[in-house]
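Shared chain: chain A. Partners: chain B in the first complex, chain C in the second.
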Partner chain A sequence: MNALWLIFQALIFPGFLFLTVCALVLQWLDRKLYARFQNRVGPPFVQPLADLIKLFSKESIVPKCAEQGLFRYLPYFSFAAVVTSFLSIPIYTANAVISYPGDLVIVAYLLTIPTLAIALAGWSSCTAYSIIGGIRTLSQLFAYEVPFFLALLTPALLLGTWNIAEISQRLPAFLLANPFYFLPVILAFLVGVISLQGKLERKPFDIPEAETELVAGPFTEYSGRLFGIFRLSLDMEFVVGVSLLASVFLGGATSFFGIPAILSYLIKALFIVFVLAYIKSAVARIRIDQMIRFGWRVLAPLSLLGMLLVVIFSKGGLL
Partner chain B sequence: MSEHITLPIGPQHPLLKEPVHFKFTLDGERIVDVDIRLGYNHRGIEKAAEERTYVQDLYMIERICGICSHVHATNFVQATEGVLKTEVPPRALYLRVVVGELERIHSHLLWLGIAGHEIGFDTLFQVAWRDREVVQDLLELITGNRVNYGMNTIGGVRKDMDPAEIEETLKGLKVLEERTNYYAQVVQAESTFIARVSGVGPLPKDVAIVSGAVGPTARGSGVDYDVRRDLPYAAYNEIPFRVITSDLGDVLGRALVRVQETIEAIRIIRYALEHLPVGPIAVRVPRKVPVGEYFSRYEAPRGEAILYLRGNGTERPDRVKVRAPTLANLVSIRHTLLNQQLADIPIIVAAIDPCLSCTDRVVLLQQVGSHEGEILHWAEFRQRSLAKKL
Partner chain C sequence: MSKVHTRPGAIWREITKNLGRKPATRMYPKERPFLPANFRGRPVFNPQGGCVGCMLCVRDCPSDAVKISKIGEKQFSCTFNLANCIYCGQCADSCAKKVISMSKEFELAAFVRSTLTNTTDSDPPPPKVAETKPSSEEVACETPEIPETKT
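Coming up: the complex of A and B.
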């Protein structure tokens, strides 16, 4: 019975199926918000699903000179990593399906796998556009990954735990009791949101896919089902990234159970989606050198400052 | 990465909607060399013009370009009127200015949107094109068409503006002025936009002059030249206006010139409509054009467009020669691309506002010393296209 329940959780709710639905809905919401910010109508609700069905029903073309094995398996690697990482994030109760000490680090690492898969996909497809896109994906990784990790570690350091569920349960109460800590946590949250935008390769950080230069960057040679799986895994990464921020910084589904818990989680996640879509529509794409400079001169020092504040406040005995 | 990558862009690429081929040699993200190939879209309009009457030519030449169609049509009627020595009524000249400047607004707003899209600023693209609809509607109101207006005729214009249309146009201009002023602010203040265009694609003033750049490309590098002021045609000698230049010499300079020119164009139209002379809008001209030649210049939104016409006493021209502004600006583009980043290719190429179908040329390569070109007949030509490549 226990095993069956686990399989149900992994495949149906809150695992694979729920994640797929979430990914499609959030993709629609993101596109719709983006369109409305630009004074356009935007796609109908079923558009993401229709796109996915279309991609899955089409032929996957693999270039002759591509690395055959890698080219075919990379989308699945990316997909599997994202689906696994979602199980550690609390959605409908205060606890996640798979919760263990240190899962914050594991989720952060699992979320790096799609990026690596994309970069390798670019390398293995043997087109100039894909190779340059792949190089850019990797260069960009170094700019946002460190600030992203540091931002996630700020609340972990604060509470002395590396467990996502525990952080999301304890953080709100802790902050209310010690309002001084709002400063480092808000700082870390801002860095987290901006570096998530980079991680998801959205404007202004959609440098690897810059369509006017690189066609579709690493995905230039992908088509049909393989491309569909890549797209779906990126949409899922969007959901997981947003949920991760919502549960680490905003308390996730804490202090509720059942439907209110899901609602609480959804409202927080939607708030982050709104912020991300707003950033996307308000800026131009920056260049890779500007991105790296921004990552190391602004984001990384800010996230370090957040951690430093935590250390000074707690270990320095100021509070 | 010391190895050089060759990156082909075009003839089919999302960067450009028209076929042109760039072959870039890259060192990492830096451009070390670029080769430009034209000739994918040659339509042979000049030759076709010799086989049609002047009136038929007018409509064909208007279709050289979808965006600056009034430019080529006006150039053609000016050249024909020049050979005929026709006195065009002043009201017609003013109306040509009105349509020409509305076209400039529409072209510059279109460019602003494309520039936004090329640097990934899609919101600017969407809202600039939304507001471009206002000027498109005005053009439709005045001429009956959104593009290829069919406004010109040899000896004047085909359609008059009544007071209601003038009032409607002035109302539309008010909306446009407000929005364009806002874009002028965005272009000067939005930090990601500035970061992407400032210092990018440098074109020093002397290089701009030597490579024969025209229009906003030249004026963005501080070259103070505008056909409307220096060799006035239509009614420009009676209308006061400023020639916008910028000393920045980069893409930002070209963008600022275009946005300010849009505001200036609104003022020109307003002045022209308020001082519209009364009288006829066209005079009758003979079908046969005497022997003679004329060289007409026009300040198109993209720069100076030139049309040369030679009449031979029949109702068909002996020779028509068109030089669209993009051909003049393409020479400078190589200089602006060298040593720039790969990511800046789209915006640098877009900064000259390229319009390739109007500019396309066919190049015939000959053996040194030989004076024979290769002449292919249609059947042979077709055979070649069907032959399979080995």
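Coming up: the complex of A and C.
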């Protein structure tokens, strides 16, 4: 029974199926918000599903000169990593399906795999646009990954735990008891949101995909089902990234004012989606050198400052 | 010189306002577009107009889209090839009897090429009566009535 329950959780709720639905709904919401910010109507509700069905029903064409194995299996690697990472994030109760000490680091690392898969996909496609896209993906990875990790580790350092569920349960009460810590946590949250935007390759950090210069970057040669899997895994990465930020910084599925846990999670996740869509519509794409300079000169020092504040406040005996 | 906004995110005020605005998108098939008064859509031949077969439209058409052929005594048939037509309105402009006019019909896409060619035959001339007709100059000065279709 226990094993069956675990399989149900992994495959149906809150695992694979729920994640797929979430990915499609959030993609629609993101596109709709983006359209409304730009004074357009935006896609109908079923558009993401229709896109996905269309991609799955089409032929996947693999270029002759591409690395056959890599090209075919990379979408599935990316997909598997994202689906696995979602199980450690609390969704409908204050505890996650699979929760263990240190899962924050594991989730952060699992979320790096899609990026690596994209870079390798670009590299293995053997055309100029995709290779440039792949290289840009990797260059960008080094700029946002460090601030993203440091931002996630700020609450972890504050509470002395690396468990996502524990952080999301304890952080709100801790902050209310010690309001001084709002400063480093808000700082880390801002850095986390901006670097998540880079991680998901959304504007202004959509440099690897840059459709005006690189066609579709690493995905230039992808089509049909393989592209569908890649797209779905990226949409899922969006959900996981948003849920991770909601859990680590906003208390995730920890209920407040007596509302149910899943509603609490959804409200916080939708808030972050709104912020991400707002950033996406407010800025234009920057160059790769500007992105890397911004990552290392602004984001990384800011996230370090957040950690430093935590260390000074807690270990320095100021509070 | 007006202030140039180069700061990233300088548009934030505008996009925030957009959230509360009605979208600029027109939901086309449901919502009909507004067509200006002199819109040039599909050229139409008026069978009762009294075409005299002067061929001015055929000569002036820059894309050979009009054909006039005689089908009887003072009776002509007009064929428009819409695949060639560039909707310049020159035929309507040149027509001495103002038989050709530009309608407001603009949804002209077709799956079959032959449907783009349409032929209209003019009505047979009325039987001769011993009344005084208006001179030809008066007819030429008449302004054509372009049918106003509702949009």
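The rule is short, and it goes like this: the second predicted complex is superposed on the first by the 314 of 319 C-alpha atoms of A that agree within 3 Å, B and C clash if a C-alpha of one lies under 4 Å from a C-alpha of the other, contacts with A are read in each partner's own complex, and residues count from 1 in each chain.
The criterion applied here is as follows: a residue touches a chain if its C-beta (ideal position, glycine included) is under 8 Å from a C-beta of that chain, and two chains touch if they have at least 3 such contacts.
Nothing here was measured: the structure is a model prediction, and the numbers come from that model.
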item: Which of chain B and chain C A:V283 touches, first, second, both or neither; value: both
item: Contacts of A:A128 with chain B and chain C, given as first, second, both or neither; value: first
item: Chain B versus chain C as contact partner of A:R297, first or second or both or neither; value: neither
item: Comparison of chain B and chain C by chain A residues contacted; value: B
item: First (chain B), second (chain C), both or neither touched by A:V41; value: second
item: First, second, both or neither for A:P204, with chain B first and chain C second; value: both
item: Touching partner for A:K58 - first (chain B), second (chain C), both, neither; value: neither
item: Touched partner set for A:T212, first chain B, second chain C, both or neither; value: first
item: Shared contact residues on chain A - chain B and chain C; value: 37-40, 204, 281-284, 286
item: Footprint of chain A on chain B - complex, ascending; value: 5-8, 13-15, 26, 29, 116-124, 126-127, 130, 190, 192-193, 195-196, 341-346
item: Complex contact set, residues of chain A against chain B; value: 37-40, 128-129, 131-132, 203-204, 206-207, 210-213, 215, 281-290
item: Touch list for chain A against partner chain C, complex; value: 35-42, 204, 278-279, 281-284, 286
item: Residues of chain C that touch chain A when the two form their complex; value: 8-9, 11-12, 15, 18-19, 21, 23-25, 27
